[in-house]
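Shown below is the structure under consideration.
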Amino acid sequence: MFVVAPFLWALSTSFKDFQSVNSKVTYIPWVDYEPSLEGWKVLIKSPAKGGVDIVEPYFNSIFVTCTASVISIVLGTLAAYALSRFTFKAGFVRNNDITFFFISQRIMPPIVLSIPFFIFLSTIGLLDSLIGLVVVYIVLLMPIAVWIMVDFFNRVPKELDETALIDGCNPYQAFYKVVLPNSIPGLIVAGMFCIIFGWIDFFFAFILTFTEVQLLPVKVVALNSSVTPWWSLSASALVSVAPLIIVAFIVERYLSKGNLSGALK
Amino acid sequence: MKIIKTYVTVLISTLLVFSPVAYADKWSDQFPHIKATGDIPGECSYESMSKKDYSGKTLKINTHAVPVMGEPTALHAEQFAKLTGAKVDVTHTPAGDLYAKAMVPFQAGQAPYDIVFGFSNFINDWKRYLEPVPKKYTEMRQMKDVTKSHIGVASWDGVMYQFPVDGDRHYLKYRKDVIDNPKYQKKYKADTGKELRVPRTWKEYGEIASYFNGWDWDGDGEPEYGSAEVMKKDDLMYAAFFSRSVAYSKNPRTPGGFFFDLDTMKPLINNPGFVEALTDWVEATKYVPPGGINFGLGDEIGSFGGGQTLFSFSWDDALIAAMQDDSPIKNKVAAAPLPGADRVWNRMTNRWENQYNQAPYIVWGWAVGVAKKSKVKEMAFDYLCFFANDANHQADLAIGRFGVNPFKKSDFDPNIYIDTMGWDPEIAKSYTDTLLEMEEKSKNRVFPLRVPGVFEFTSAVATGTSKALAGQLSPQEALDEVAKEWEAILNRVGKDNVKAAYAVGVAMEDNKL
Amino acid sequence: MNLVAKSLTYKPDNEFHLKDVSFNFKKGNLYTILGRTLSGKTTLLKTIAGLLNPDSGEIKFEDKEFNKIPVWERNVAMVYQQFINYPHLTVYENISFPLKQRKLDKQKIKIDVEEALKTVGLMGFEKRKIQELSGGQQQRVALARSLAKKAKILLLDEPLVNLDYKLREQLREEFKRIFLGGFAEDTILIYSTTDPQEVMELNGEVIVLNEGKVLQTGPAKEIFEKPKNLKVAEISNDPPMNIINGSKTNDKVNFESINIDLPNYLSKLKNDNYSFGIRASEVKLSERGEEFEVELAEISGSETLLHLKRGNTKIISLIEEVMNFKIHEKVKIEFNSNKFYVFGDNGNLISSPYGSNNG
Amino acid sequence: MNFKHKFVFLFPGLFVLIGILIFPIIFTIRLSFSGWNSYTPEMNFIGITNYIRLFTDDPRFWESFFRLSFLSVTTVILQYIIGFSLALMVWRDIKFKRFFRVMFLIPMMTTPVIMTVIWRTFFHESLGPVNDLLGTFGIGPKWLSDPATAKITVIIVEVWQWTPFMFLLLLAGLLSLPKEPFLAAAIDGASAFRKFVFVTFPLMAPISIGAIIIRLIEASKIMDTVFVLTSGGPGTATETSSFYIYIKGLREFQMGYAATLSFTYLVIMIISLTIIAKVLTKLMIKE
């Protein structure tokens, strides 16, 4: 109940109007209040008619999230593989320190990175562009990918890669012919985390875009004006979570198969 | 000669607006938004704009979220694009982020937006990045109609940086069906020995609100409460506090500063006048709805507009919300000036003066400017001018959710609200009278603080008062802390910087500008 | 055509995993590496495979510097104690993987895979996924993969240790059949194990490894009959050889107030204190024997391992039937005095039932 | 294994990350020595003035830091406990297992800012359903307007939002556990409780530590929740470091000082997380 209660509330609210929200507490449409579709209609109307038009931002969000996730996963997986399998030494720096360096990128409060990122992106001319956001999101997402994949690779016996090497694969072949196919569950979990964290980011999307590119959360949050239209806000919250529920089902499928990380041994 | 001409045009246009016969012309056919009035001739009318050709050019605008300001911005952008061939991109941003959204690129030397919406108290921080409104616009007829207060709010030391498109002020809103109800008047008299009337002082406000707190006085089966106020610790909270403070601290006999003593730049925020106001406010936590101490502006509007409280005071929105067509309390609410006080602090003599005092707080509101680095300044100003042209403005006024409120002298005509919005004449008159009184007549006005580092000052106020409301500190302690923080900010920012800027505001308050 | 190592040393983090290991392996032979867990067996095999680079020393194969050739070009094969296969591939794909890697032609691959499958007895399992197989079958697949490859060096790292007893027996028989049946004329077969019995049965050249050092090399028989020192004696017997601290007096071996008649072959031994070694199987229950106290009795398969104690001396006796004992029960045992090994103070073998070490 | 190829694996990711971040980080450090603010937006050098201010004259930051520590540790512990219980629950074969698994994941997928707006209406003390329903029992907690309960509300929302993260990691961990120890325990006739304490929990320790650390990092950035629910109020009852930095940075535009705060915060966090990781490892892995 605790999990779904807010969603039910949001669903109910999305069919309300000003009076149904503000005069007293109401729950069930028709019984407690007259349902209105206004909240949902707003989502596809143009702003000039009082709508928010989330269609384009929706696709922008999908593009940015997926691109950044894919790049982060590719780079992060490679790095994680290296950190899991090989020994690095440079001065006092060891594998764990490098791993921590990756993860520590998430410690920095985003607020303060906003101005530097802004200047950085404007210098390279990527402000207010999808590519610019992808670049920034890579920083947000790669640490997650590295962290999950290091953990995952640590649980894949290294004898597996060794066998591949002995069987005549060079390290790259061993990686993509043997290690990768056996890491799909890990990749899926890492991918899901990347997608989620990319999808729900508000702050960077907010600071680094202007007119050309708008992402979904920014667009939805922009609904939260002084007179908040709770109904459309609720509707958009529901709409924005929808694609991720599909992701959740994919992940669950892999979980159910039970081969998430126990693929080996 | 010019004045007469202006007057005549205003008169004619006013007549045209309110003539019962719907005025149809080619523009209102094309743009149903203005079907009530049709195009009204002027410098930036539909007709004039249609003669401009901005095709191939792009105008980028950052505005507030839909619908408040955001929707009219987008609507007029669409119209403007149609008329001039320009491409107009509009971005919507929540109120709390408007400042940062423009300020980050400004400080990085960029101007991603040609037009930025914000609040009038951003002016000091923004003005160096904004293009002053060219003479051509400041001297046009449309501008002459703007009230003195709003010209003042949009300008800095006589130079206009923000194009007036909206008017804002704090005033009192009350439930007319209760205050004017003879049954309640009798009951109140019997219970308290006092008259039930529109409160003239904050003490009276508190007494009445407490009396009507926590029981069902409108018969809807739900309890109602005394007052809805912005008490949530965010950027708007301090404005509510200042609205409550002006009565005790803005003494017309002590010119030279309300927030600071302009001569010494000593913060006045912890003088007995402010402390008295904060004491009242802490008392107010007892007659707000449950959770009222965490109400933001949206909650306040929802609460009063939804019929949950007897009183409210802040911007127009709550009243407009209550007067919407689908509102059950339409025509049951009315407006009045902010309450005053029976005594006022004199900071020169360090004494209370036992004399009735009332002061309007011309609180900041929506403001909009054109970026200095914009490459399409002329188009930008034309757009703003078009936004606020008579036809658009009057149509906008009638749509509550737009959040466009009166700021032109011609707006203070009760008939606008009676005819186009179906208000009860008495209520419409209370509304326009209240506004007119504040905007044009009062000589004891307080203007928002507009000095460098204004957000640090107001944020300190919010933090301090919020601690008092939460009971963490006593009002005196809280304000002493704020005063101390203000001193620290003054030192960081530089007393002289602040003083120079504050002098501009003080000059307006002292009716010198 | 030899695999020659000189002074291989591997010491990550300054901890010796291999210390000064040298050998000379000839093709067509079977070498077993005997050592306890963590004695460096796996490290040695991985060094040969090229998975580890020795810190010093060199290793040559067919007169080529093996050190400089990366793993994937060395043409070795390895079977791990864990059943390492490619879980995402079928049995057939697994076995053909190294062959495809070598870009052999399809027909040839098919023949080789089938041959290997036949050798390990997994015909008909081609399409199965690895997870669907039992542990023993998985290890057969791994073995088949190494065989099919026809590598010049085949490394088997305790291939049977993770199987249960019965399967181990069964697979060991098959190994013997495969390896000793003239399979590998061109191959150097290196087999590591902790199990002395396996060493015996495979009957190859043995290298006894302890803490990264080679203790003894030689044919299996020699290791058992003449263990160079106490450590080898311990490692090369399961259960480990009983070591008794005692003394030799004129015609007796004395310990714990027990006196046993001196066997003939020890007659030349000086009177002194020695460590006497005797295999658990040479300690028998006997009414005529000496009294010991039972500390623990383990039943393993059809045998009983009896842990006994008398004074400071602990003895393990291997009884070839299942018997029940109570703890602290007194039993009588007899030592087969003709099977005493004698070790000196320094732990080196002085005399064995199969002839003395120095003569 | 050690090949020169290892760099080919590591470097693309490492260099991309460093490449993107090097400028912002250096810029931030430099900024922390400047007086960049709304009226002097320039990179002047004012030495360690900002640091002096932080360490001698800013109790609010330190208060917010301790408040943050309290909030993040509490929420993470709760998330861990709840996440673990839920994971255990759907680890076994129960009805609608798959449905529950997906459902428990959903909260994480909502944008915190948006969801918190909805939570705010949810906890609205006169117009929200919570107090309306609780009202039937005659209670009406001051969810957002009392310093103590406001903290609880923030914790509730944070727990709701992020427990799925723990849940997923722990469930994935559980599903990958080897079966043998459980069989052994079953043969020994261990009770469910003993099985958990002596088998499940120790096996899950490494993944638990990872999950807790990463959640602590994320929880420390707790901001949207506070921002929307209470704006740090009532008073400063729910003001956390990152929200305070946000106020100083993007509200008051004291960018120089905000950079000082962030940099200090970063250093403190790195040190304390390292210590926490060490302590947790000691506590949970006894080998």
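By written order: A, B, C and D. Residues from 1 in each chain.
Rule of thumb we're sticking to: contacts are C-beta pairs under 8 Å (C-beta built on N, C-alpha and C of every residue); 3 or more make two chains touch, one makes a residue touch a chain.
Just so it is clear, the structure is predicted and the values come from calculations on it, not from any experiment.
*Asks:* Which two chains have the most contacts between them?
*Replies:* Max contact pairs: A-D.
*Asks:* Specify the chain most distant from chain C by Cα centroid.
*Replies:* B
*Asks:* Could you grab the centroid distance between chain B and chain D? Build each centroid from C-alpha atoms only and quote it in angstrom.
*Replies:* 39
*Asks:* State, to the nearest whole Å, the distance from the C-alpha centre of chain B to the C-alpha centre of chain C.
*Replies:* 91
*Asks:* Just give me the whole-number Å value for how far the CA centre of chain A lies from that of chain C.
*Replies:* 53
*Asks:* Can you list the residues of chain C that touch 2 or more other chains?
*Replies:* 51, 70
*Asks:* Among the residues of chain D, which ones contact at least 2 other chains?
*Replies:* Chain D, residues with two or more chain partners: 1-3, 127, 250, 255.
*Asks:* Please list all residues of chain A that touch 2 or more other chains.
*Replies:* If we look for residues of chain A contacting two or more partner chains, we find 21-22, 24, 114-115, 119, 162, 165, 170, 221, 224, 228, 265.
*Asks:* Touching residues of chain B toward chain D in the complex: what are they?
*Replies:* Spelled out, the residues of chain B in touch with chain D are 97, 99-100, 103-104, 106-107, 124-125, 225, 232-235, 289-294, 296, 299, 302-303, 306, 308, 452-453, 455-456, 459, 463, 466-467, 469-473, 488, 493, 497.
*Asks:* For the complex, which residues does chain D have touching chain A?
*Replies:* Where chain D meets chain A, its residues are 1-3, 5-10, 12-14, 16-17, 20-21, 23-25, 27-28, 31, 97-98, 101-115, 117-119, 121-122, 127-129, 132, 160, 168, 171-173, 175-178, 207, 210, 213-214, 217-218, 220-221, 223-224, 228, 241-242, 245-246, 249-250, 255, 258-259, 261-262, 265-266, 269-270, 273-274.
*Asks:* Looking at the complex, which residues from chain C come into contact with chain A?
*Replies:* Residues of chain C touching chain A: 46, 49-51, 70-74, 76-78, 80, 82, 84-88, 97-98, 101-102, 145, 149.
*Asks:* Per the contact definition, I'd like the list of chain A residues that touch chain C in the complex.
*Replies:* Within the complex, chain A touches chain C at residues 157, 159-160, 162-170, 173, 178, 181-182, 263-265.
*Asks:* Chain D touches which residues of chain A in the complex?
*Replies:* Contacts found on chain A: 2-7, 9-10, 13, 21-22, 24-25, 27, 75-76, 78-79, 81-83, 85-88, 98, 100, 102-117, 119-120, 135-136, 138-139, 142-143, 146-147, 151, 155, 158, 161-162, 165, 170-172, 175, 189, 192, 196, 199-200, 202, 216-217, 220-221, 224, 228, 230, 233-234, 236-237, 240-241, 244-245, 247-249, 251-252, 255-256, 258, 260-262, 265.
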